[in-house]
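In what comes next, chain A is part of two complexes: it sits with chain B in the first one and with chain C in the second one.
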Partner chain A sequence: MKKINYGKIYTAPLTMWITFFFVIPTSIIFLYSFLKKKLRGGVLWEFSIDGYTALINQSFFKVVWFTVVISIFATFLTLLLAIPTSYFIARSKRKNLYLFLVIVPFWTNFLIRIFAWISILGNNGFLNNMLLSLGIIKSPLMLLYNQYAIIVVTVYTYLPYAILPLYSTIEKFDFSLLEAARDLGASKLQSLFKIFLPGIRSGIMTATIFTFIPALGSYAIPLLVGGQKSFMIGNLIARELKVTMNWPLASSMSVVLTVVTTIGIFIFLNTNKNKSELKNEN
Partner chain B sequence: MRTNSGINKRQISLVVFVSVILFFYIPLLVLILYSFNSGKTMVWRGFSLQWYEELFFHSSDLWSAFRSSLIVALSSSFIATAIGTIGGIGIHWYKFKWKKYLQIVTYLPLIMPEIIIGVSLLIMFAWLKWKMSLFTIFLAHTTFNIPFVLLIISSRLDEFDYQIIEAAHDLGAKEIDTLLKVIIPMSIPGIISGFLMSMTLSLDDFVITFFVSGPGSSTLPLHIYSMINRGVFPVINALSTVLIAGTVLLSVSSKNIQKYMFK
Partner chain C sequence: MKKNVLLFMVLSAFILSGCKDGKSKLYIFNWSYYIPDTVLEGFEEEFNTKVVYDVFESNEEMFAKLRAGGTGYDITFPSGDYASIMINEGMVAKVNRDLVPNLKNIDENIIRKIKYDPIMDYSIPYMMGTAGVAVNTKFIKDFPKDFSIFEREDFKGRMTLLDDMREVIGSALASLGYSVNSVNESELRQAKEVVLKWKKNILKFDSASFGKGFASGEFWVVNGYAENVFLELDEDTIKDVLYFIPKNGGTMYLDSMVILKDSKNVELAHQFINYIHRPEVYAQIADYLMLPSINVEARKIVKEIPTYTIEDLANNEFKEDLGSNIELWDKIWQEIRVQN
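This part shows the complex of A and B:
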C-alpha cells in the first residue's frame, strides 16, 4: 500500500518553529561566544576566544561555585520536604483537597511568591516588626539579601514542582513491597533506602530536574532577594548582556551555564542508574 | 512492632506535610492581611480598603500590562496548542526520517535554563533588527509553551488504542477524516489541559519576557517587578490578594469543569 508520509506533514510546523526559535538562536549564542565584542552590544565578525579567556578568573569561578552550591542545597532541601509531603498526600483519604492546597501556591504568580518573602523578611518586614514589637530583638535583623534568602525562596518556588511528580509516583508505588521487606527481616532504614526510594526513583528524578535546573539558571530570585554580593550565573549573563554590553562574554557564559546544566543532569542520571540494578529503561 | 513503625512514618510525614502547608500559606496570608492595612508599611495601622481603591481606580498602567499579558497568553497558547497537538500526533502515530532527533530537540527547551532561551532569542532578534514588542514576547512564549503541550498531548495519546485508528482506516476513512473525527476529538482533554498549562506558564513568565520585551511592552509580571523596585508595596499586596483569589476560583472551577466534561 502506498502511503503519503503524514508524519512529516503533521510535524512540519513544529519542526519549523523549533528550528527557527530554538535551534538557530542557541546556535547563534554558540557562534557569538567565539566572536569579538562591539562596543555597545553586538559583535564584530572576527574569530576570537576573548569570550572564554575572560572567564578564566577567580570571580567567575566563585560565581559558578556559588550557583552550583546554592542549587544543590535548595534541591536537597526541596526533596527532603517534598518526599514526606507527597507520601502523606498519597496515603491520605483526602488526596484531592491536599493536592489542591499544593496547587494554589503553584499557580500563584512567580513574582508575587518572591514578593511575599520580601515583605516577610525585609528590614521593615513582617517578621522583623513582630520580633521588635514582642521585644525579642532591639534592632531589625538582616534577613533578606543573603544566600539563605535565595535558598528559602528557591525552595518555596520549586517545592510544588517537586511534590506533584513525586506524588504521582508514590501513588502508584506498591506498598505491600514494604511489608514484604519487613517480613523478610529488613530494618526500617533498609526498607526505606533499598525498597521505597529506589521504587519511586523516576519521581525523585523528575522532581530533582524540575528543581535543580531552574535553580542553576536562577535570575529573578537572586536579583530580588540576593542582594549585592549574591550573584548567580544568570545575573552575570544579564549584566554582560544589558549593562556592560559584552555580548561574546554573555554568550560564552550562557554556553558555560548550558554545559554545567548538562553535566549536572548527566551525573545525576548516571548515579541513579548505578544505584538501582533495574533493567534499562526503554 | 510493625504497626508501631507505620504510625511513626505517618507521624513524621504528617509533621512535614503540616509544616510545608504552613510554609506555603503563611507568606500568602500575610500579603492578604496587609492588603487591608491602612498604613504603608508592614506595621498594622487599622483596616482600610484604600489600596484596593488605588489598585482598581488609579493603576491604569497595571491594567494595561494585565491586558498585554492576556493577549500574549491567549495568542501564544492558541498557536502553541495547535502546533503542539498536530506535531504530537505526527510524532506519535507515524514513523519518518529524523523523528528521533526531532523528539530530542523539541524536549530540550524543557530542560534548558530559561535564561538561555531568553538570552538567545534576544540576541537573535537584535541580529535580525526586530524591535522588541508584544510580538517578540508572543514568539518567545509560544516557543516555551510548545514542549509542554507536546508532553501533555503525547501522554494523552499513549492511552489510545491504535486499533481505533486502524478500524477507521479499514472502514474507509480518509486521513483527514481520521484526524478530524477520531484522533482530535479523542485528544480533547489533552488539548484543553495543554492550552491551560500554556496560559498559566505564559501569564507567570518573568525571566524570558524580561529579555525579549522592549519599552512600552510590559506584561503583568514585568509590571509587578517594576512595582517591587519602586517600593509600592501596599498596592502589590492588594494585587496579590486579587490574583490569589483568582487562582483559587480558577482552580476550583477548572476542577469542576473537568469533572462535568470528562467523567
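This part shows the complex of A and C:
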C-alpha cells in the first residue's frame, strides 16, 4: 500500500495563508523598495536605489538606535517579570485560573488598553490621584509622554506573550533537579543560574523573540504615550507612507527592519543550538 | 426536522437583513468630529437612506488611503490644498450645480478667495477655520497671544504642537512675516530654527489626542483646531479656556465637499451636499463646531457664538498645494522631528 503523506495536506491551508498574507506582501515591499518614487504616493516602474541611499543619514540611525534600545529594555523587563510569574503559575494548584487571568486582557482591544494606561498614568489619573491623596507628592508627576511610559506600556502589552511560552517550559521542567543540585552542595543562587535558567532556555528564547520583535515594530504605543523625542521606526515608516508619501523609502525601511530581525533571530537560534548540541555530547 | 427549522430561521434572517441592506447607502469619508450625529440622522430619515461614516485625522491620511485603492466612498472633505490636488489628479467628479440650489447661501466673499476652483465646479465649501492656540487660564495667567507662547520656558512640558508640518512650519513662517506657502529655502531654514526653539518646550507633536490631554489638565497650551478642543470640555472647564488666533497671521483652511469619481450614488451625494447647506441644517453644524458660518442664511439663525469670527482670520492665509516643493518641506520637517 502506498503511504500518503498527510502532513502536506494538513498544512496546506496554513501554507496558503502564509503565502497570501505574508510572502506576497513582503515581496511587494521588497520590490517597491527598489523602484522610483512617484510624487504623492505610488511608484514609478524604474529601477532605483534611492530608497536605500536615503537611509544613510544620521537621523535614520538615531531612530533605529532609539528603537533598539527601547526594545532591549522592554524585553529585559518583560522577562524579569515573566519568569517568576510563570514559575509561580507552574507550581501553583490553580494553574488554570491564573492562565485564564493572563489571557483576560486580550478580550479588550489593544488601543483601549493603551488609553487605559493613559488614564492610569495621566495627571488626573489614578496613580497621581492616589499619591496626591496619600500626601506623598504635592503636584502631579509627569508620568506620560516620555520613553519610560513607552517601556511600561510595551512591557504590559507583551507580558502575556512571554508568560505563556515560559509557563509551558517551566511546567515540563523536572524540579527534582533543583533538589539534587542543593543536595550536591549548590547554593540557591547557583542552582537557579546553573540548573533552572539553562533548563528553561527554550522558553526564555521564545519569550524574548515574542517580545523583542513586536517591540521593534511598535507604532501605536510611542504615538500615544511617547513624547516629542519618541520616534520609533514604526512611526517613521508610517510617516513616509502616509505623510511624505515616499513609498520606496517606507519599503526600504521595512526591508531593513525585516532583514535585521531575521538575521538577529538566526544568530540567536544558532548560538543556542550549538550550546544544546554541546550539552548532549557531554 | 428540528434542524430544518433552524436552517429556515437562519436563512430567513439572512433574507431579512438583505432587505434592510437594500436601502441605498451613502459612504462619507470625513474628519473626526466634523458633522453632528443629529444632522446625519436627519438626512437618513428624510432620504430613507443609510449613512456610513468613516473618519481620518489628516488630509495626507485621507489622500493616501484613497490613493492606495480605498474605493467605495461617495463624498470626502479635503482642505483647499488637497482639493486642488485631487481635482488635478482627476479623482473627483464634476458637481451638477442645478442639483445643489442651496449653493446660493454660501458667502460670496469666501468663494472669491478660492483660486483652484473659482466657480465650484468640483468642490463645495463646507467649513472654514484655522488651527489656533488654546490656553488653560487656570494654570497660566499671563502669556503672549501669539506663537511666541511656545518659547516660554515656564510652560515647558505642558504644551503641544500639531503633528502637521503645514500647520507648524506655516505658523513659524507667518511669525517671521513670510507666506505660509513659502518655498524659499532660506525662509524655510529660518522657520526651522523657530520651530526648534518651540520644540524644546513642548511635550509632543500631537494631532490625535491633544483635546483629551487638554481637557484632563495635562496640557496647558495646545496648538490645534478649536472644535477638537471644545468638544472635549464640559460646562465647568470651558470657562477656563482662552482660544486665540495670532494677530500676525498663520494658516487657515477651507474644507470642501467633493464627490469622488467612483461614487456609485452620485444623485444621493448631491442631495447630501444640498442638505448640508440648508440654513437650518448648516446652523446646527456651525453651532456644534462653534465655528463661523460660511452660509449667509444660517448666520441669522445660529444660537452659539463661534470661537472666532471670519474677521479674526483677516491676516491668515489659505494653505495652497506646494507641488513638488513639498519635498523640501518634508526634508525640513524630518530634520525638525529627529533633531534633539
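The working rule: the second predicted complex is superposed on the first by the 231 of 282 C-alpha atoms of A that agree within 3 Å, B and C clash if a C-alpha of one lies under 4 Å from a C-alpha of the other, contacts with A are read in each partner's own complex, and residues count from 1 in each chain.
We adopt the following convention: a residue touches a chain if its C-beta (ideal position, glycine included) is under 8 Å from a C-beta of that chain, and two chains touch if they have at least 3 such contacts.
Just so it is clear, the structure is predicted and the values come from calculations on it, not from any experiment.
Residue contacts after overlaying the shared chain place A:266 against neither chain B nor chain C.
By the touch criterion stated above, A:103 is placed in contact with chain B alone, chain C being left untouched.
After overlaying the two complexes on the shared chain, residue contacts for A:40 are found with chain C alone; chain B is out of touch.
In the superposed pair of complexes, A:241 makes contact with chain B and with chain C alike.
When chain B and chain C are set side by side, the one touching more residues of chain A is B. Of the two partner chains, chain B is the only one touched by A:219; chain C is not. In the superposition on chain A, A:193 contacts neither chain B nor chain C.
Applying the stated contact rule after C-alpha superposition, one finds that A:28 touches chain B and leaves chain C untouched. When both complexes are overlaid on chain A, the residue A:124 reaches chain B and chain C alike. Contacts of A:145 after superposition on the shared chain: chain C is touched, whereas chain B is not.
Common to the chain B and chain C interfaces on chain A are residues 41-42, 118, 122, 124, 224, 241. By the touch criterion stated above, chain C contacts chain A in their complex at residues 58, 60-61, 63-64, 67-68, 85, 89, 157, 165, 199, 202-205, 208-209, 212-213, 216-218, 324, 326-327, 330, 334-335, 337-340.
Listed in rising order, the residues of chain A touching chain C in the complex are 39-42, 59, 62-63, 118, 122-124, 142, 144-145, 223-224, 226-231, 241-246.
Remark: chain A residues 4-11, 13-15, 17-18, 21-26, 28-29, 32, 41-42, 81, 84-85, 87-89, 91, 96, 98, 100-105, 107-120, 122, 124-126, 129, 156, 159-160, 163, 179, 182, 188, 209, 213-214, 216-217, 219-220, 224, 234, 237-238, 241, 247, 250-251, 254, 257-258, 261, 265 touch chain B in the complex. Across the interface of their complex, chain A is touched by residues 2, 5, 8-10, 12-14, 16-17, 19-21, 23-28, 30-31, 34, 41-43, 82-84, 86-87, 89-91, 93-96, 99, 102, 105-106, 108-109, 111-117, 119-124, 126-127, 139-140, 142-143, 146, 150, 175, 200, 203-207, 210-211, 220-221, 224-225, 228, 233, 236-237, 239-240, 243-244, 247-248, 250-252, 255 of chain B.
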